[in-house]
Every structure is written in structure tokens, then in C-alpha cells.
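Each of the next two complexes has subunit A plus one more chain, namely subunit B in the first and subunit C in the second.
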Partner chain A sequence: MIEIKNVSKSYVKDVKSVDSLNLEIKNGEIFGFLGPNGAGKTTTIRMITGILEPDGGDILVDGYSIRSNPIEAKKRFGFVPDNPDIFLKLKGIEYLNFLAEIYNVPIEKRVERIENLTKKFEIYQNLNSTIESYSHGMRQKIVICGALISNPKNWILDEPMTGLDPKSSFDLKEMMREHTKKGNAVFFSTHILDVAERLCDRVGIINKGKLVFVGTFEEMKAKFKEETSLEELFLEITEND
Partner chain B sequence: MNNIKGLIKKDLYNLSSYKMTVLVLVAFIALFGSFSEDSIQFIPIAISAAIGMIMLSTFNYDESSKSEHYILSLPTNKREVIKSKYILIILGNIIGSIIGVIITILAAYIVAFIKKSGIPQIDYGLIFTYALGGFFGVSLIEAIQIPSIYKWGAEKGRIQMFILIFILVMLIMGIVYIAGNITFNIDLAFLENLFGKYGVLLEVLMICLMYFISYKVSNKIYKNKE
Partner chain C sequence: MTNTILLTIVFLKSSLQRIQSKYYEDAEKNKSLRRIVYIILFAFLAGIIGFFSSNIIDALEQSNQETIFIGLILFLVLMVTVIQVIFSSINILYFTKDTESILPLPLKPYQIILARTNVIIIVQYFIEIIVGLIPLAVYGFKMDLGPMYYVPVIITLILLPILPIILISLIVMILMSFSKITKNRNKFQLFTTFLVLAVAIAFSIAMVKIDEQSISDAQMAQMMSKANSMIEMIKGYFPTLKYSINAILSNDIMTMIIEFVKVVGISLVAYIVYAILSQKLYFKGLVGSLFSGENKKKNKKIKLGVKRKNIGRMYIGKEFKTLLRNPVYLVQCILPAVLLPILCIVLIAISLDEATINDILNYLSQINADGVVLLAILGIIQFFSMITYISITAISRDGKNAVFMKYIPLSLYKQYIYKTIPNIIMNLFSIVIVLAVSKYLVDISILNMIVVFVIAMIMNIAQSFLLLIVDLKRPKLQWNSEYAVVKQNFNLIFPMVFSLISIGILALYAETTQLISVYIVLGMIAAIYLLIAVLVNIYMYKRQNELAGKIE
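Let's look at the complex of A and B:
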């Protein structure tokens, strides 16, 4: 469970990139975070994951504050950043071992999880190659495997489908569903509205740093125009704000 | 502690691509150092300096792999990130110095064997002094450079390193020049006695102090960095 309580962030004085954001991602739900470019999605995700310090407010991950108890909070989520071009000089197996070490995953479980995850994403054979030799999609896959190696309760994924082939994208979506069925939470940002509609239990739409809608797609349609397409609804919400 | 171990492991994985470079570099230094009995003494300095500089390249890896932000999303904090770097770099310097001493002794035996001059008369005390001197020099450069890398980044930090070395060389030349032209009323016997008795201890204390100040400054810089 992730609770975002009155969180704000400014990069420039008097311009709030995220303005008094309140949000709750409940256990057992897939929550989609939508918004146009520069709306504050990545800034919000960076604050949830402890990369950025909020100017005000707090974020709790399973009850642990990212501000006052960051290490305990960070142990409770796995994070996939928007750009998978990280640790390019490491081999796939080295990257996963490094993360397993940081998350204190016991050796036996580490071996088992690495094998399961990488076979699922079909990169098992590439583990001994450096990440820089991977394609964009393979890099995305290894980063996802890394995020899941500690078997975290909460998944935070920033544009996770970008670069994935259809099968891997399908597998990831299935994994997200299975994960939430077990009572865990998935928070992910996406630009692909169809994916959000089919996958998410609830969505939040952020625009100019402010949360302009939270709820189910049914609620969104009921609030706005019943017959309008999702794309049109999204544009109406974000442009009229 | 596990976090620090993991971070060090990540840097060691990155450095593993330097295996061949280190071997070639050590062989090169050993070869050129063995040309004369005098130059052999400089092997430990050169090797510890080379390995120390290679250790600093982990900052470049972090910067080029854009991993700095990502690391902060892992169950660690800025203090541990900095601590892991200092531990890695100090360990690298120690290992570099030990390798330097071993290679120097081996080089002395090889030179003696080639010249057929029998068992070489090795001044272990002198080799140790040179190794410690190399350690001190590398530590001084690193202690200044690490905070500046945290402040300006690894790329600009590299330029800064060359400026620093230039300043140090100029400073040493200036001191040598002044010392050669001005008559000081210094009790040289006292100084010789002091360094003879406590030189190693003083040098080790200085190294500890340099790294401690450097660590504190790095912490302060990185803490306020977004």
C-alpha cells in the first residue's frame, strides 16, 4: 500500500511541479498514473521512490515513511525507471546479483528467482553478456527482473511497457494481475491509454502538477461523457484544466 | 553493511573490465622501473598511483550509466553510497601499495638474476617508505578529487584533477626553489629524528585525517544535491 499525503515539489521558486498531491494505492489494486508530458508523473514517482525529497508532505510505503524511514520504505517496493539504459557495463547476471545483494536476498532464493524471471522474459541465455549489448527491450526486461528480484509487495513502474515485445508485454501484464490478486499493489505510469483501461482497477490523472481525476474508468465516463472514447476523455480532462 | 557490500560489488564488477589494463600497466611499470637500481624504488609509487586512478574511474561508470538516481531508489542512502566509495578507494590504494612492494622485490631479484650479481641487497625499509609515499600522494589527490566529483561530476572532476596535479607540481617546485634560496634556521637534526622515529605514524595519521575531512565534505555536498 502506498499513501501519498499532501506532497509538493518545486524545481523553480513559485512553480510547483507537483502541487499538494494526495493519493492512495490500495493493496490488491493496479493503479494507473496518467498525464501529459511534463505533468509531474516522473517527479511524483521519483518522490515515492526516494530519489527526490518532497518539499512538503509525506509518502508512506506499507506504513513506512520515505522521509523518516527511507531504507525500510524502499525495501518494500521494486522500481522500474522510465529509462532502462542503466549499468550498461555490467553483465546481466552481475546487475541482478548486485540488486539481490542490496535487497539481502538469500543465495538459494536469488538463484531461483533469477532463473524464473529471466526465463519468463526470455533473457536467461543473455545473462553473461553486458547490458550495453542488449536491445532496448532486453534492457527493459533486465530492469524489470531486477525490480522483482526481492519479491516486493509494491511495484512502482514508470512506463514499463515501453520497448517490450508483445509477448513480454502480455506476460508483464499477467504478472501484474497475479501480483495484485495476492493482495499486493502495482502503481504504474503509462502513455498507452488502452493498456490503462484494460489493466487498471483505478487511474489517477495528473496535469500541471495537480491531480485532476482519481477513480475507475466507469467513474470517469460517468463524470464526463458516457459515449466518449478514452482518448477524448483524457484530452478533455487535461486540456480543460 | 549489506548495502555497502552490494555497492562495492557493483563497482568491482565495473572494474573487472580493467583486469587486462591493470596487468599490462603493472608489467609496463615493472619493466621500465627495472632499468636501473635507482628507478626500481619508484615502482611502488607508480603502481599505487595507477591503481588509485583506476579506482576513481568507478565515478565515471556511475555517471555514464546514469545510475546515480536509480541507486537512490534502492534500500540505501547517500551516506552509504559515499562510504562505499571511500572504502573501495582506500582498499584499492592498500592493494596497489602491496602489489607495488611485491613487484619491486620481484623486479630487484629479476634484475640481479639478469646481471648475475647474486642475491640483491634489498632495502626493505626504503621500499616501504616509497610505497607509503605513493599511498600518501594518491590519497592526497583522491581526498581532494572525490568531493569535487560529487560537486561537479566525474567528467569535470577529471579536468579538475589535471589542474590539481599542475598546482601540486608548481607548489613543490616553488617550495624547492624557496628552500634553495633562503637560509632557514631549522634544527634539521630534530626534524630528522622526529621523522625517523614517528614518520610512518605521522604519515598514516595525515592520510586518515585527509580522508576523514574529504568524507565529511563529500557528505555535505552530496546531501544537498538533487
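Let's look at the complex of A and C:
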């Protein structure tokens, strides 16, 4: 479970990139975080993961504060950043073992998880090559495998579908569903509204740093015009704000 | 504005970009403070270089050979240019990330090539200010010279690097044109760099040898007795060097202009020939460098789980793998610590004949081995440590991925320690090499070797941590080529400043060895640096989160 409590962040004085954000990602749900470019999605994710320090408020991951108890909080989530160009000079297998060591994954579980994850994403055969030789999609896959190697209860993913081929995208969505069925939480940002509609239990829409909607798609349609498409609803919510 | 000039400006701006912060207001506030810090650092460096230059000029003046100082400095400028360009040209010409964005633009091939080459030349001018302009200005000041000296000096410093840069770039292009046939870009880049380095070293050795053969002992004695005649020895080293020296030393404007016409003529012809030839060579190599990535090995047997190591070893291993597998980092961060001490020793050994070496050894053996020599060894170790760029780039090398440090469940303090250890280890190499050579030359006792080793290590640790803090405070995370991190990075002035401060401290203490025991002096130095190391560690531990504030 991830609790965002009254969190704000400014880069420039008097302009809040994230303004008093309150949000709860419950166990057992896939939560989609939507918003136009520059709305504050990545800033929010960076604050949840400890990359950015909020100006005010707090964020709890399974009850542990990212501000006052960062190591315990970080142990409880796996993070997929928006840029998959990570440690390009390491071999795929070296990267995964490095992460497994940091997350203290025992050797037997590590072998099993690396095999399962990389075979599922069809990069098993490329594990002995350096990540720089991977295509963009393959890099995205190895980063996802790295985030999941410790089997964290909470998944935080920034634009995870970018660069994935249809099969891998389908597999990742299936994995998200399976993960939440076990009582875990998935929080991800996306621009792809169709994916959000079909996959998410709830969505949050952020615009100009403020959360303008939280709820299910049904609630969204009920609140606004039921007959319009999701795309039109999204535009209406973000433009009218 | 022509496209070449426009492109040159764009390439320069993107390679010399400042630290990018989202906190624009903070950045604005800190701008003037940062400028003051740079001015102080520059003034400090200039002061030290000026001080050494002044002493050398005084010594040369005693034997009426002061003009050789101009030759020596210009020769130094040439050597620094050659060494710098060997390392930089291949990266700037072939391995910048913007290549793929530039190629689709409607630009003529020669415009891209000349713009890239202009960047190499302009970056070299910045280095020339320190290596060339300051010592030559000190010379002009001491000799009370006027515009007839300063104007040709400045023109010379502008023209002199052009020819070596063009020649080395051409060699690099010829070698890189074979890159299409290679399957591994990194290994080929490394091979090419080593090859150019070997060619340059062989060339310098050959020059020294030819020079030795061409001047007999009798001729040398004759030169020494004639005022300001030794400069003739330097002139022959490079085609444009002779005319540049003639122009600076000329007494009338006509001679100066004629000599400069020769330099400009040679450089211009070389530039035009380069523009034509490079059009045929450059793109062959460029295409090879863009598309010949590492083959994706498909191994059937993959060892999935490695034997568990502790996190520290794994982390340090990751740092070393990144350094060793990246040719730019390998050449700029790892090799200098190992190669430069060896190279210096080899070049000194080659350039001096056996009798001179014996004279030096006899002289050294007469000096009190417990005193100045020990401090001098520490000074030499410090000199070599200023070119170890591992700590000062530890955060910046990760670029945008540096945020990884912040979202993994590993304390930032521990990560700072792990990121510093490779710098300490690489400095250890040069410490061992310098101590081994010292043992051979001055036969210091084992006890003294151990004492020097321990103090050198304490200094090494303190300095490595301090440099990491500099990089944490001012990381350069937005870059378009690895080269920008390890060369076009203003932070690199700090290792030089720290080492020079340490050398200054050692020099001050050397004065006191006449009065008190050298072991007390060494103990005091050890205590100072130990205290610095401890305080820096406490600071890093207490401020670990604030220190990572710029990583976002």
C-alpha cells in the first residue's frame, strides 16, 4: 500500500509542480496515474521513490515513511524508471545479480526468478550480452525484470509500456493483474488511455500539479458525460481545470 | 553565419553545458558565488604556475639561456596538445550522442567535420591558457617585454595547435575508416586509441633520439657557452614550431610577419587538405561507429546466479566494470594512474644518457634520505594523483542514471564509500610504482618506504573523499558523450588544486626538516590528513541526503 499525504513540490518559487497531493493506492488494486505532459506525474513518482524530497507532507510505503525511514520503504517497492538506458556496460545477468544482491534475494530464489522473468520477456538468451547491445524494448524488459527480482509487494512503474512489443506488453499487464490478485499494489503512469481503461481498477488524473480526479472509470463517466469517449473525458477534465 | 560556425557553437555549447538544475532560482543565486570560486581557483593555479615559471626563468638566466624557456613552453604546449587530442579526437569526432541527430540535417559533410574539429581546437585553447599563456606572460613580465613580444605569443598560441590536431585527427580517421569491418565498436575504439598513443610515443622517442644523435657533446658545450643558443635545439621538433619561435624572438615587424605567414600558410594548407581528405574518410568510420555494436551473443548455457558476495564488493565490482568496459573511462580514469608514472620514467630514462643518470643518482644519494627525499616522494605521488579522475566523476559518470542511487534500499553513505574506493585503489597503483622506482633510485630503507606508503594512503583516502563531495555538490549529469564528463568538466580543476595544495604543504614542511625530526614532520602531515579524512566521513554520513540533493 502506498499513501501519499498532503505532498507538495515546487521547483520555482510560488509555482507548485505538485500541490497538496493526497492519494492512497490500496493493496489489491492497479492504479493508473494519468495527466498531460508536465502535469506532475514524474515528479510525484520521483517523490514516492525517494529521488526527490517533497517540500511538505509525507509518503508511506507499507507504513514506512520514505522521508524518515527510506531504506525500509525502498525495500518494499520495485521501480521501473521512464528511461531504461541503465548501466549499459553491464551484462544483463550482471545487472540482475547486482540488484538481487542489493535486495538481498537468496541464491535459489534469484536463479528461479531470473529464469522465469527473462524467459517470459524473451531476453533469457541475451543475458550474457551487455545492456548497450539491447534494443530499446529489450532494455525496458531488463529494467522491469530488475524491478521485479526481489518480488516487491508494491510496483511503481513510470510509462512501463513504452517500447514494449505487443506480447511483452500483454505479459506485463497479465503480471500486474496476477500481482494485485495476491493482495499487492501496482502504481503506474501512462499516456495510453485504452491501457488505463482496460487494466486499472482506479485512476488518478493530475493536471498542473493538482489531482483533478480519482476513482474508477465508471465513476468518471458518471460524474461527467456518460456518452463521450474516454479520450474526450480526459481532455475535458484536464482542459477545464 | 555559416553553417560550420553555427554547428561549432552548437557542439561547443552542448559539450560545455553547465550543471542543469530544476531549481532555477537557486542556480541564479549560486551563479555569482560559483564564478568567484572559479576565479579564486584559477588565480591559485595561475599563482603556482607563475611561481614555478619565475624560478625556472631565473635559473636559465644565470646561464644566459633564458630564451629556451619560450621554446620549452611552446614544446610543452605541443606535447600537451598531442596527448590531449589523442584521447579527445576519437570521442569528439565519432562517439558523441548527437551524431544521429546531426546526420539527417541538410548539411554538407565538410561542415560537420570542420565544426567537430573546431571544437577540438577551441577546447585546446582553454588548456593553452594554463599551460602556455601564463608562463609566457610571466616571461614577458620578468624580461620587461612589450607588444612586440605579447602579440606574436598570442598569435602563436592560436596557430600552433592547429597542425598537430589536424594530423592526429587524420590518423584517427584513417584508422576509424576500418571500423566497418569490426564487430565490436568499444574494443576497436580502445585499440585505435592505443595505436595512436603508441605512434605518438614512438614519435617522441624517435625525436629525442634523433636530437641526441644530431648534437654532439662538443656542439652542446659550444651552445651552452653562447648566450641563448640552446633554443635552436627545440626548434626542430615540429614544422610550425621553428617559425613560431622565430616570430616571437624577431626584433623587427617584417621578420615577424614573414615567419607568421609561413605558419599560417602551413596551417591553412593543412586545414584545406584536411577538409578535402576527411570528406572521403570521416563518414566511412562514422557509419561503422554508429552501427557496429556488440554482437548479441546467444549463449545456451547461462550461469544465472553468481556466488553471493557482500554488497560492497558487488557495488565496487559494478563501478570497476563500468570503468573498464567503457573505453573513454578506461583511457581517462584508469590508464593514466598506471601508465603515466611508467611513461614518465621511460621517457626520462630514454632522454637522459647513462652518465647523466649516474650523476643524478650520485647527487640523490648524497641528500639526507630521511628528510627532503621522503617529502619529495610524497610530492611526486601527489603529482600523479591529480590525474586520477575517478572520484571527481563518480556521480557524473552515471549521468541520468545517477538517480538509481536514490531509489535502491542501500544507504547513500555506503554508496559514497563504494564509489570512492576505485579512486583509492587506482592511486594505490601509482603509489606503488613511485615507491618502487624510489627504492631503486635512492635506496630508501624499508621502514621509510612503509612510512611513506602509509602517509600517501592517508592523503589518498582524504583526497578521494573530498573529490567525491565536489562531484556530489556539482554533478554534471546531462551530457552527450562520456568524454564531456571526463574532460570537458570544470570540476576537473579540483584534483589539480587539491594536489597542488598538498604539494605546497609538503614543500612548507620540507623547510622545517632542518629543525625537527622528519618523523615528527611526517607524523604531523599524517595527523592533518587523517583528521580531514575522518571529518569528511562524518560530514558525508550526517549530510548523506542533502549531498544527493542535486541528483534528480
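Annotations
Definition applied: the second predicted complex is superposed on the first by the 241 of 241 C-alpha atoms of A that agree within 3 Å, B and C clash if a C-alpha of one lies under 4 Å from a C-alpha of the other, contacts with A are read in each partner's own complex, and residues count from 1 in each chain.
Heads up, the rule we're going with is that contacts are C-beta pairs under 8 Å (C-beta built on N, C-alpha and C of every residue); 3 or more make two chains touch, one makes a residue touch a chain.
Computed from a predicted structure; not experimentally measured.
More subunit A residues lie in contact with C than with the other chain of the pair subunit B and subunit C. Residue contacts after overlaying the shared chain place A:Ile51 against subunit B and subunit C alike. By the document's definition of touching, neither partner reaches A:Gly40: not subunit B, not subunit C. Touch criterion not met for A:Gly209: it reaches neither subunit B nor subunit C.
By the touch criterion defined above, A:Gly32 lies against neither subunit B nor subunit C after alignment on the C-alpha atoms of chain A. Of the two partner chains placed by superposition, only subunit C is touched by A:Ser129; subunit B is not.
In the overlay built on the shared chain, the residue A:Ile114 is in contact with subunit C alone; subunit B does not reach it.
When the two structures are aligned on the shared chain, A:Leu90 is found in touch with subunit B and with subunit C. In the three-chain superposition model, subunit A touches both subunit B and subunit C at residues 46, 49-53, 70-72, 74-75, 79, 81, 83, 85-87, 89-90, 94, 97-99, 101-103. The residues of subunit B lying in touch with subunit A in their complex are 2-3, 5-7, 9-10, 13-14, 17, 61, 64-67, 69-70, 72-77, 226. Listed in rising order, the residues of subunit A touching subunit B in the complex are 46, 49-53, 70-72, 74-75, 79, 81, 83, 85-91, 94, 97-99, 101-104. Remark: subunit A residues 11-13, 46, 49-53, 70-72, 74-75, 79, 81, 83, 85-87, 89-90, 93-94, 97-103, 107-108, 110-111, 114-115, 124-130, 132-134 touch subunit C in the complex. Note for the complex: subunit C touches subunit A at residues 22-25, 293-300, 302-309, 311, 314-315, 318, 321-322, 325-326, 400-401, 403-404, 406-411, 545, 549, 551-552.
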